[in-house]
Every structure is written in structure tokens, then in C-alpha cells.
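Below you'll find the structures, each written out as C-alpha cells.
Consider the two complexes below, in which chain A is the common component and chain B and chain C are the respective partners.
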Partner chain A sequence: MKRPIRWTVALTAALALFAGLVLLPFWLVLTGSVKAPAEIIARQPTMVPHSFTLDHYAKLLAASDYPVYMMNSLIVASVSTLITLLLAIPAGYAFFRMSFPGRETLYRAILLAYAFPSIVILIPLFGIFAKIGLIDSRIALVLVNVAFALPFAVWLLRSFFAGIPAEIEEAARLDGGSPFIVLRRIMIPLVAPGIAAVAVFAFVTAWTEYVFASVMILSDAKRTVPVGFSGIIGQYQIDWGLLLAGASLSILPVVVLFAFVGRWFVAGLTEGAVK
Partner chain B sequence: MTRIRKPHLLAGAALTALMPLSAAAQTELTLWHMEQPPHRVERVQTLLDEFNESHPDIVVKQEPQNWGEVYAKAPAALAAGVGPDMLFAIPDFTPILKSVGALTSVQDFVEELDGEHDFIDSAVEAYSYDDGIWAVPLYNMSMNLWYRPSVLDAAGVAVPTTWEEWAAAAETLTADGAYGMGLPANKQLYTDQTVYSVMANGGASEIYNEDGTLRFDNPETVEAYTFYNDMLQFSPPDAPSWTWGEAEACFASASCGMILQFSVISTYDTQAEGDAADLGVAAIPSKDSEGHNTIAYANAVMLLSQDEEKMEASKTFVRWLLQPENYGRFLNMEPGLFMPVTADGAKADSFWSDPMVEKYKPQIETVIENSQNGMLFGFTSGRVFPAIAAISAQNVLAETLQAIAINGKDPAEAVAAGQARMMDLTD
Partner chain C sequence: MKLPRTLLPYAFIGPAILFLAALLVWPLVQAVVLSLQDVRSVGTTGKWVGLDNYREVLTDGTFWSSTWLSLVWVVTNAVLQTVLALLAALALNQNFPGVRIARTWIVLTWIIPTVVVVMIWRWLFSTSGGIVNPLLIQAGIIDRPVGFFARPNTAFATLVFINSWRWFPFITLMMLAGLTRIPGDLYEAARIDGAGPWKRFSRITWPLLAPTLGVLLVIGTLLSFNVFDIIWLMTSGGPAGGTRTLPVLIYETAFKSYRMSEAAAVAVLATLFLMGFAVVATRWLARPPEAR
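Now for the complex of A and B:
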């Protein structure tokens, strides 16, 4: 049935409004990062830059440790994502397929990890990490990130496994596949969209994590972007150009990740589980 | 092929063997400070490189930290044995570390430095209590009224000296899309500072009685809050969410005719006109023009090492830093923001020869003059009440303003509630 034109117009307008709400801040940040300082703080903000300069980027990359922060963030976020996936996939499959006492209770309980605000466990965790020599170490951040991403990742992947028709797995079993082979050859390709979603979740969580990174890391050389960048901005006096350039660059890896994984994600959805 | 002689090999081997001994003989110090912007870190590193080169037995390295986390991070790091040997501080930070037993008095050392450089008394007083001096003053920051003379002239307004003139000037300057006076109302440290600057100019500088009981709830405080709230009508509508940076941007873009800020020189010079002749700075207006006060932070360095050798090395570094030929360059890591706390530092060529300082010399001289009347809540009249650390950490002064400006509470009720909150925090 053809949709009435007024509905199409209303829907388009609503979508444009929401898109504007989401995209406008990005536009202002990106365009602001190439404006001259006086234009950035002008009384009347300009939607389209009247000036153009790359000085803020040059200053950010040459005069600050921003590249070091970016590298640290990439290492921490990538390793955290990888370990999260390596643990979440078998755990999610085990919660779906294996029978063991307390399975359902444990499955529901894992999300309790999110009941505690991170600030509550910050100082005790600091003490533990200090005792085992992990303060000022990127390993500490990886451990924390994995610990916080894993419960949701397991919970999400279990749901994806549960969505696969039982006949597919049974067919693989009848062909003599062990649980590990079935998981690796059959189930993982079928839950690719779920793995992609978990990867994006784990990466973004690690990329934006601030609280633990700000306390666990002591030296400038090991800081991640959120913490290092907040220092570059300054307290009493803010270099707005530097701030906007740094903010623009900080979203780049996440955008790249979405560009790649997003395609895979959509492909997985459109192909479906049963062909 | 060149033959390597045996004696050369032996000498090389001996040198290699001795190298670890030579490195081990060095005392390594870690300095935490909260001056994170890249140009400040760079300036500190330049000074550290010079110090390390001139003192082969000591190596000082910096680890810049963030004011936002250091209150929790420093005690935890010290307790875990991974803390710094030296840590920059403001007066209300020191009691926190003293309370966890991380500090020993440096009274003898401060007296030695005072004899050599002559500290501003108020800078030392902020760290003097409980029979000791707990940090070595390093630099001062004081709040001032900043304006553009051309803007005031065009509006036919004189630089205000009283509250009445200040309100009238702000009202006149609030026209054509511009705002007369940029004042924050955020629950944040900047608002604490601007509110206290108004209180201190309205006879409400004392938060404590001599016996240590609170006297925040008094008619002068209520009057100061009432005046501040009235002035907010001449501030931009987003002012309730401001921190220092937004106020500076408002001034730099000429959207605000006047603001209260420690310094705007760096931002004005790099992001606005940069015309030194059109940058004005004055003392904060007072209720009746009799004496102008301001909030002032004497920043200091705490010496934290429990190791005697490291403590002595830390003192060597601080002695070196306060030498006039080094001290001015240290202060000018942010020209116009950090002011000297020593008499010889205030005259040092290394301070006044910086190009930015030379350009804005009249303004900086005024800032130094204003800082002579600097005070800080909880550290006034030679009496220090360390419990102020908890009150300051919770931004109770700003919280009280929010109750009035945002929630519409009566100023007298809000101030009474503020005092009750302070008592809760102190208990």
C-alpha cells in the first residue's frame, strides 16, 4: 500500500530533525577545528567557516603528547576488544548450549557487575593493582575494560546463539562435529552480527573509559586519549582550537571501526541465519 | 680491519661495569604537578633539564596530573607506595594529605628560604597550622576584574569601584547582544572563587569565628549573595554552566564587557585582539569602596618523600627553582597567570623579560598589587581551619548560590542552609 505523501513528508522531517540533532554537534566540532581562534569564540557562531587553518592540528600533534595518547588508546582498546571476544564467545555459547547447575541464575547474575558504580570500586581496585605491580600499566586498563565489557558481551552473544535454529547445530552434530568444531565452523559465522556488535561495544567502552584510566595511570607516556586530552585542554585557560582539533581526531578510530564492522554487521543481518 | 687493543677493551669493560653504579648513585625524584597544558609541561621540562644537567647526582622527572582526580589519586598512590616525591598544592589540598600522615613539617626549610627570598606572608600563612608549615609556597593566583577600556569609554562608564557603580556599569554595558558582566553560577570551583571574591568585598571574608565555629550565616554573607544574584541578570543565559574557559571566551569575543578571572592575558593575546593598550584590569569592586579584597591561591609544593636522601634532593630542587634567575621562567610558563610569592622573584629579570610580560607589564603590575590583598576562605586572618578542605571539595559556596539563582530560594534561607551543610561536612 502506498504511504500518503503527508506521512512521507512528516517522516522525512522527523528523521531530518533527529539527524540534525545528532550530526550538528559533530559538524560544529569538525568545522570549528579548522577555524581561526577569533572565529571559534565569535559572538555569532558561523555554521560554515569563514577562515581556514590547520594550525590547531599542527600544534596538537607537534607540541603535545596527543599522538602518544592515541597510540595508547588504540593498544588498550584493541587488546581489550580482542580479549573480550575471546572470552565472551565461548562463554556465551556455554550459557546457551551446556547444562550445568545454576546456569540460569548465573546468566542473570552476570549483569549485576553493572550494579556497582565504577567509582565505588576504584580505590579498592587501585590497592589491589598496586600490590601486584600493575599501577601505571596499560595491562591494568585492559583488565578493567574486559571486566566491564564481558558481562554484557556474554549476555548479548548468548541471545544471538539462542536465535539460531536448532536444526543447523543438530545437523552439524550428526555429521560428527565436536562442540568446539560446531562453535568454530558453524555457530561463529552465524552470529557474526552479534560478534560485530560486541566488538563495537567493547572497543567504544575501552576507548572512552575515563575514571580508571585517570587514576590507574600515573605517567604521561601511558595515558589514553580521554585522560591525556582533558589535561591538554587546561583548566583556567582553554585553547579552543586545540580542544576542537583533539575532539575531532579522537572520534576518528571509532568512525573507522564503524565503517568496517558496520558493513559486516549489516551484511550479517541481511544474509540471515538460514539460507 | 682496525685492531682493537686489549687495554681499550679492558677500559671499555670497566666503564660498562661502572655505569650502573654511576646511575645508582643518582637520586631520582618524581614531581607531580597539575599544569598540564603542553606549553606549561614544556616549560617545566626545560627547567628540569637544566636542573638535572647542573646537578648530576639528582634526576627530577615530571608526571603532570589533573586537578580533577588528584584529590583521590594522590592519597591512594601514596598509600600504595607509588606516589610522587614532590606534589604541587593549593591550600585546601594540603590538609587532605596531612590527615593521611603523608606530610612532615618543612618549617625550617621555609624559614631558610624566607630569609633568602622573603616570602609574601599570606602565602606562608595558608600552609601554617598545627605547629608546622606543610608546603613551600611557589606562586600566587588572584582574581581580578578584567575589561576593555574602549568598551567602557564608548558606553560612558568609568571603571567601577563600588557595588553600586559595578551594577550600574553592568546594566549599561548589557546592550546590543552583549552582556555587562560575565559571572558563573555553576556548582564548581570557579563559582566558589567568584562568590568568595564578592563576599570578601562585602565584609563577609570570615567563614569561621576565632573559636573555629562557623559564621557563614551572617547578614554580610546574605547581602553578598543577594548582590551576586542581582548581577547575574547581566550575564549570558548559559553562565550557570560556566567554568573559567567559557568566561574567558565570553570576554575574548567581546560578548562580556567585564569578567572576574585570574588572568585573561594569554587568551586575549592569542585568541582576541591582543591590543595591550585596550586591556584593563582593576581590583574587584567593594560594597563601599573602602579597601578591595580578592580571592588568592598561594600554590605550593609539598615534599612527600620519607627517604632522607630524597627529601634533601627535593629541597635542593626547590632551592634552585626559587633562585631569581630560574624562578621568573618558571612563573612564565603561563605569563600573566602565575605571580611571584617572593620579594626577589617580583623583581627578577627572568620574570619581567618575558615578551608577553613586557607587553602587558602595566596589567601584571596591577595584578601583583591586587594580590597583596588576597585571601582564601578558611585561611583568613592568620587562622587556618583544615576542615575547610571538605567544604571546598563540595563547592558549598557555589551550591548556596545555585539554591538562590537556579532554585529561587531566598538568600537568607539559602545561606542558613549553606551553613548547615558546612556543619554536616565538618562533622
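Now for the complex of A and C:
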């Protein structure tokens, strides 16, 4: 089936618009991070760098604890992802493959938790964590990140669990498999794409979180990238080269992660997540 | 140990439910308790003051202007994000070389830290090397560089743009889910009956996408209402309180003015607004489609 020419033109124009809107800022940041300072603040911005320098990166790494922030962020995001998965997978299995009294109510309660204004619990949670000695601890960040990622994670698993034919589960059960074995041997491999989608969501939620990390963490050695970087921004206000280098470095890990599992995440969102 | 069959589902969902209860519900209860006391900074104890904080908040003009700003924030973000996401989803629902790559990487704006989003756009909107001013001058929209964050209205509009930039790809993907579920034969049949592109959109795409749009509008509203970090990092609620939405007001009251209990009262009121909206909205969405 062929598309009329004017629709091809319209489609191309729309795609160009969105490519520009999404990619142009990143292109300018990445190229800006290797431009000489004078070129960065030029009145007419250059699309292709005329100069090349790695000074900004060298200065960033020498002047700040950026690698430490990066390490903290990776630890916090990875552990948060792991715990989210450990909680969300069994919950998803029960919600979407079993029937039990209270299922609807509990499921709706979890959805409602997604609507939760996070800033509301910042104040009381700070008090609670202070009481049990979790202030200035990365565990506090993990707990908060899991709480924010979990409701959506359960929701995201819905279409993946629902898509598995009942016969497969039935057959496994008749063979004498306990529900735990059915979950581990049959279900988890079948919903692997959904698990990847949840993992990306949980990782990104933790990787980008700023507010709680800025309030709960006090010592510089435990700061995550968002908080550490905002400190650098405050210190080097208009040293755009250094800031652009920092921005580029913080984009890198998630882009690498996304290159591997991004398509599963997209599949998780598009293949029937909205119901 | 062997669990009775009937208890098994609860063993599976139990950990998740308990976790959320401990980290979301319990703090919410604490927020209500705090809002009935007189606590100024974290860790100190206060005395019971009943509904005094609520009286204080509800008679304060700042609370109402923040509520109004939050409302405007939610509506403008919803409109801009829906328009952008719908256009992008319609484009990505076509077949063209590289469509899978485009579908994956459109969410690039959403996977980077908000601190970085803010830093990037502050630079792009700045008068030193930023691209926005030269582009607008070239397009003839303005004749000299503009300080976007200098005035309340432009600061607010710029923040709506930046927040929408971050979130619209996420909405796009979920819209795409709705689009891919519309059977292709419908379009084929309409084409054979001689329906033009506009008619196909208005008679097939739009009505069949409407339920998805409804769900997304609810989710989008809740997500935008809660946005705090982008606003705080960019303008801290300024200039002149022009971007002080309710989450910003809560943070400011608690951590800048050290009036924890008052902040908790605002937070409880905000939760009531939001939960009320969520309950009404889900009930509206749960109605059978033909009744809508």
C-alpha cells in the first residue's frame, strides 16, 4: 500500500520536528562539552564544534568527587532495581494469575499509591528515618526509590502475566510443581521482557531521583549524581564547559543500559500496558 | 512448611503491600499527626494545636495562589503533553525505516536526571551560548535576547515547556499502545469506502483512542501535579512566587521557613485534592464506554 506524497512529506516533517526537539539538546550538550570555552558562549552557537578539548572532563574529574557520586548512584539504582523486582514479580504473579478475596481492592490500593504526592511523605519520612538512624544512609534512598517504583512496576507486569496461556501453568501444576516452582521455572522465563521493562523503570526512577537524596544524605561521600552534580552546578555557576561535561557523563550510564534493554522497556509500555 | 492454598496469594503480594504500607501509608498518617501539632523543625516535638494549622493555611493567600498555580500547571502541561504525544504517537505508528529505533530512543528525555534536564535547558535558554534566543531571533519572533526566567509568566511558561519535554515521550509510548490496538482492517475498510485521512482519523482513530487518552490524562495529571524537582532547581518557586506550585510551597514551608506542621497541613490538603481527583476520575473511567 502506497502513501500519497503529501503524507510522506507531512510524516517526514513531523519526524524531523521530534528528532530536533529530542536530539538537538543532547547533540548541543555532547558537542559543547568538548568545545573551547570561547566557542561555548559564542553569540551564534555552532552545530559542529570548531575546537576540540578534553579539558572540561579533566577539570571535572580533578575538581570534584564525580566518580564517587557515580558509584553511589550505580549502587543505589542497582539495589533499588533488585528489590523492586523481588517485590513486584510475586505480587504481579498473584494479582494477574490467581483469584482471591480482596484482589480488586488491594490492586486498586496499589494503583492509588502511584498517585501519591511524594513531597507529602518527605517531611514525616525524614522524622521516621531520623528515629531509626537511616539519615545519611544509602539504604534510606533505596527504600524510598523502591516505594516510588513499585506501584507502577506491578502495573507494568500486568500485560505480560495476562498474556501467558492458562494451559502452560495448568500443565506445570499437574506435573506436581508447587506455585513457587511454577513461578520460578515457568513464569519468570515467560515474562522476562516484562521484567526487563520493570528493571529499566526502577533503575531510571532511582537514577533520576533528586529531592529525597538531597534531604536524606548529608555527607559528600554518599551523594548520588543528581545531588552531587547540583552541588557542582552551584559551585561552578557559569563554567558551562565543566557543567556540560558533567551532564554528558551522567547521561552515559543510562544510555548504555537503554541500548541493551530499552526495546523491552518500550515493548512493556506499548504492548498493552494501558488497559 | 506448607502454606494452605488459600493463603498463598497473600504470601505473594504481602511483601509488596507491607512495604508500601510502611513507606507510604505510615508516613501519610504521620503527616496528618504532624499537621495537628506545632512542630517547627525536624526532630523537635510540639504540642497539640488541633486544626490551627489548617485555619492558618486556609486563610493564607499564598496557599490559594499556589493552589491556583498548581491547577494552571496541571492543565497547561496536560494540553501541551497531549498534543505533542498524540502527534509523535501518530507519526511513530506509521511504517518507515528506523521506526523501531525511533520508538526506543524517543524516551531519551525521560531517562536522564532532572538536575541534568534543568542544567541543559538553563544553558539552552541562557543569553551566553544558548541556542533558543538566536533561533527565535532568526525566526523573527523576538528582536533581542530574552531573559526567560526573569519574569513570572515567561518563567512559568518555560517550565511548562521543559517539564513537557521531559514527560511527553513517556505519554507517547502509552498512546502508541492504544494506537497499535486499533485493528488495521478498520482503516482498510474505510479506505475502500472512500474515507479521506481526516475522516479516518475523526471516525476511527479518535473514538477508539479516547479511552486510552482518558487514562493517560488521569495519569498525566497526577504526575504533573507532583513535579517538584524541575521547578525547584530551575526557579525555586520564583520570580516573585510566579512558579510556586503546591509541592514547592510545601518544601519551602518545611525546609526554608522551618514550619513543619504548617507544611504538613498543606501536604494533607494537597493529598486530599489529588485523591479526590483520582477517585472521581477512576470512577468516570470505569463507566462502560457507551455511557460516556
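Just so we're on the same page, the second predicted complex is superposed on the first by the 247 of 275 C-alpha atoms of A that agree within 3 Å, B and C clash if a C-alpha of one lies under 4 Å from a C-alpha of the other, contacts with A are read in each partner's own complex, and residues count from 1 in each chain.
We adopt the following convention: a contact is a pair of C-beta atoms (placed from the backbone, for glycine too) under 8 Å apart; a residue touches a chain by one contact, two chains touch by 3 or more.
Since the model is a prediction, treat every value here as computed from it, not as a measurement.
Overlaying the two complexes via chain A brings chain B and chain C into a clash.
Contacts of A:Leu218 after superposition: chain B is touched, whereas chain C is not reached.
Once the two complexes are overlaid on the shared chain, A:Gly176 sits clear of chain B and of chain C alike. When the two complexes are overlaid on their common chain A, residue A:Asp239 makes contact with chain B while staying clear of chain C.
Chain A has more of its residues touched by C than by the other of chain B and chain C.
In the superposed model, A:Ala63 makes contact with chain B only, not with chain C. Residue contacts after overlaying the shared chain place A:Ser230 against chain B and chain C alike. Looking at the shared chain after the overlay, A:Gly127 reaches both chain B and chain C. Legend: residue contacts after superposition of the two complexes on their common chain; A:Ile41 is shown touching both chain B and chain C.
Of the two partner chains placed by superposition, only chain C is touched by A:Ile110; chain B is not.
Within the superposed arrangement, the part of chain B that overlaps chain C, taken from 2-10, 110-118, 182-190 or 218-226, is 182-190.
Applying the stated touch rule to the two superposed structures, the overlap between the chain B and chain C interfaces on chain A comprises residues 40-43, 122-123, 126-127, 130, 215, 227, 230, 233, 238, 240.
Residues of chain B touching chain A in their complex: 34, 36-39, 41-42, 63-69, 72-73, 76-77, 79-82, 141, 177-178, 243-245, 248-249, 252-255, 261-263, 266-267, 270-272, 334, 337. Remark: chain C residues 6, 8-13, 15-17, 19-20, 23-24, 26-28, 30-31, 34, 42-43, 87-88, 90-91, 94, 96, 100, 102-116, 119-121, 123-124, 128-131, 134, 165, 169-170, 173-174, 176-178, 180-181, 197, 212, 215-216, 219, 222, 225-226, 228-229, 232-233, 247, 250-251, 254-255, 260, 263-264, 267-268, 270-271, 274-275, 278, 282 touch chain A in the complex. Only residues 3, 7, 11, 14-15, 18-19, 21-26, 28-29, 32, 40-45, 86-88, 90-91, 93-95, 98, 100, 103, 106, 108-128, 130, 143-144, 146-147, 150-151, 154, 179, 204, 207-208, 210-211, 215, 225-227, 229-230, 233, 238, 240, 243-244, 246-247, 250-251, 254-255, 258, 262-263, 265-266, 269-274 of chain A touch chain C when the two sit together in their complex. Residue ranges of chain A in contact with chain B, taken from their complex: 37-38, 40-43, 59, 63-65, 122-123, 126-127, 130-131, 135-136, 214-215, 218-220, 227, 230-240.
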